[in-house]
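Shared between the two complexes below is chain A, which pairs with chain B and chain C, respectively.
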Partner chain A sequence: MLEIQHHLNPPGVTIALKGHLDAVTAPQLEKLLDDLLQTESAQHIVIDLGEVTFVASAGLRVFLAGAKKAKRAQRGLALCRLQPQVQQVFELAGMTSLFLIHSTPDESHATLRQRSATA
Partner chain B sequence: MSHLPDDTGRDKEAAARVGVIAGLVDVGICVVSVVASNSAVLLADALKTFLEFIALLLSWLAIRRVNRGNAHQFDYGIGKLENLSGLLVGILMILCLLIILGNAIRNFISPAHVAGVGLWVGVADQIIYLGINSFLYWRSRRAAEREHSPAMAAQGRLLVSRAAANAFILLALILSMSLSRYHWAMYLDPCASLLIGVSLLLAAFGTFSSSVYDLLDRTLEEQHQFLILRELAGHFDDYEALHGIRSRRAGNRVYVEIFLEFDPRKTVAEVQQIINQIIQSLQSKIPNSHVSVALADRPPA
Partner chain C sequence: MKPNRDCKEQTRFWQRCVPNRLEDITAAAKEAGDWVRQAGAPETAAHAAHFAIEELLTNTVQYGHPTNPSRISLELRPDVLLVHIEDDGRAFDPSKAPEPPLPKTLDERLPGGLGIHIVRQLVASLAYERRNGCNHVTLTIAR
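After this line comes the complex of A and B, so read on.
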């Protein structure tokens, strides 16, 4: 079970996830990411994983594909509030270097804004 | 064109053949001891031995078919044949379980001390096959480790459980004979047969679940999925988009398909080099795997 909430605050959007990200729930996140990447007002996407307790390979696959899509669309994508076990899963898959990872959503948004301004 | 098996193929076939011959002899001895003793535990053992013989026979036939040729008719290997064999053995296990259960109930209703020359035949049989099964298990385990073959691994599991069953039945028979002066000892024989039935039930469940999942093209385990993702993360800047990953098992083979989109400005040689690196790396990390990378501009249907 995965609860997804997103708060649009142009030019950024925060996606807050709660629960398990597995083969059953991953497509929900994938669809939302695809939709937001089509939205002009979502230039920076921050995914808050603070309430996510489990990430399966299907979930990681969505993040990997999402990172590629964001790069192609020239959007900023960052993750925040990873719980230790979730951080470990990202490390296991060698994916921590692909994302900006912060301890709060505000920190992620600030970093993405700064990078966007200097680009 | 004839197909000549290599040394490993011949070793596997020889190990399987020895197992079949030993199993057939054991079935014959078990039948004799059951008929001459009327023991429930020996009947359960005879049925279990028969099932193990069928499993060994099917493994041997599958390996033999590959070694004798016709492999060209099965481009994706004979993995599904192994899965179907497992399913057949699972069904036979359930039938044997019902026979053991029915016989045990009959013995509980009308208990009797087990007796006769068949008991001594049974004791001798268990001692001899305890030694043989232990030796064959050691051989099968070595072959399975070399080949990553589910057929050989299944054979190894059968043999080790068989050796443990030999020790258990031997103990049950000795207790039944030595405690025959006590009334309650009449129940030892059907109780022991029920325990064999329980072990059969567990084995049937394991056989069914693994065979059915593989027949349904179950995806790879998480540990291997992580290896694939790690590889793709390592090549993150080499491709434009990840459109999907599909995997399935067929017997001892693993098939992985990765759908990637590349920058159209890259030359075919550059793309081919990246694909080759991904394939070689994954195939070296996932045993018995066949990895293919397909060019795609959208997710697979």
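After this line comes the complex of A and C, so read on.
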């Protein structure tokens, strides 16, 4: 079970996830990311994982694919509020160095704005 | 009153037959993790069981083409959690799956191949046996 909410606040968007990101639910996030990457008003995408207690490899695959697509589209993507078990999965997958990971959505948005301004 | 050592140290069991559909697999994996947690084992053991069952059975359905439902059984001992998974899909030994390359740049990274890699790091040991046309995987998880 995964609940997904997103709040557009141009040029940024926050995606708030709640529940489990597994083989069944991961495609829901993939579709939303694909849709947002087609949206001009979503230049910075922040994914808030504060209420996510489980991420399977299917979820990791969506994050990796999303980050690659965002980079190609010259959009910023960051993750925030990873719970300990989710952080551990990212570390075991060697993925923490591939993402901007922050403690709060505000911190993620501020970092993406700053990077965009200096690019 | 003295603590009841016999009760505290008894081994507990849980098992399920799981139809080979992703919805049933993810539900059973979550249920297994919840059972481990409610039985008093640490969160790390509950998460490892949940993750390992989800990854191994998802892999079986996607690549092994099993005919009959798979079986999961958990054995929670005083010192360890044993997870046994049996399926009649194509022979596959997860202990011998090649390690995926983990390049440190996004451009070099290819999505996929991470599930079994992570499972092997979450468990203390992984044993495999092909017996009577079925894969038998036994995971030992510290608690």
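By definition in this document, the second predicted complex is superposed on the first by the 119 of 119 C-alpha atoms of A that agree within 3 Å, B and C clash if a C-alpha of one lies under 4 Å from a C-alpha of the other, contacts with A are read in each partner's own complex, and residues count from 1 in each chain.
In this section, a residue touches a chain if its C-beta (ideal position, glycine included) is under 8 Å from a C-beta of that chain, and two chains touch if they have at least 3 such contacts.
It should be emphasised that the depicted structure is a prediction, and the values quoted were computed from it without experimental measurement.
Novice: Just from the overlay, do chain B and chain C fit on chain A, or is there a clash?
Specialist: clash
Novice: Scan A:69 for contacts with chain B and chain C and give back first, second, both or neither.
Specialist: First partner only, chain B.
Novice: Let me test your reading of the model: by the given contact rule, A:93 touches which partner, first (chain B), second (chain C), both or neither?
Specialist: A:93 sits against chain B and chain C alike.
Novice: First (chain B), second (chain C), both or neither: which does A:24 touch?
Specialist: second
Novice: Please name the chain, chain B or chain C, that touches the greater number of residues in chain A.
Specialist: Result: the larger residue contact count on chain A belongs to C.
Novice: Considering only touches as defined above, state whether A:61 meets chain B (first), chain C (second), both or neither.
Specialist: A:61: touches chain B and chain C.
Novice: Give the one stretch of chain C, out of 4-12, 22-30, 40-48 or 94-102, that collides with chain B after superposing.
Specialist: For chain C, the listed stretch overlapping chain B after superposition is 94-102.
Novice: Overlap the chain B and chain C contact sets on chain A and report the shared residues.
Specialist: 56-58, 60-61, 64-65, 67-68, 92-94, 97-98
Novice: Could you please specify the touching residues of chain C with respect to chain A in the complex?
Specialist: Touching chain A from chain C are residues 22-23, 25-26, 29-30, 33, 43-44, 47, 50-51, 54-55, 58, 102, 104-107, 109, 111-112, 114-115, 117-118, 121-122.
Novice: Sort out for me which residues of chain B touch chain A in the complex.
Specialist: 222, 225-226, 228-230, 232-234, 236, 239-243, 245
Novice: State the interface residues of chain A toward chain B in the complex, per the touch definition above.
Specialist: For chain A paired with chain B, touching residues are 56-58, 60-61, 64-65, 67-69, 72, 92-95, 97-98.
Novice: Using the touch definition up top, name the residues of chain A that touch chain C in the complex.
Specialist: Residues 20, 22-25, 54, 56-58, 60-61, 64-65, 67-68, 71, 85, 88-89, 92-94, 97-98.
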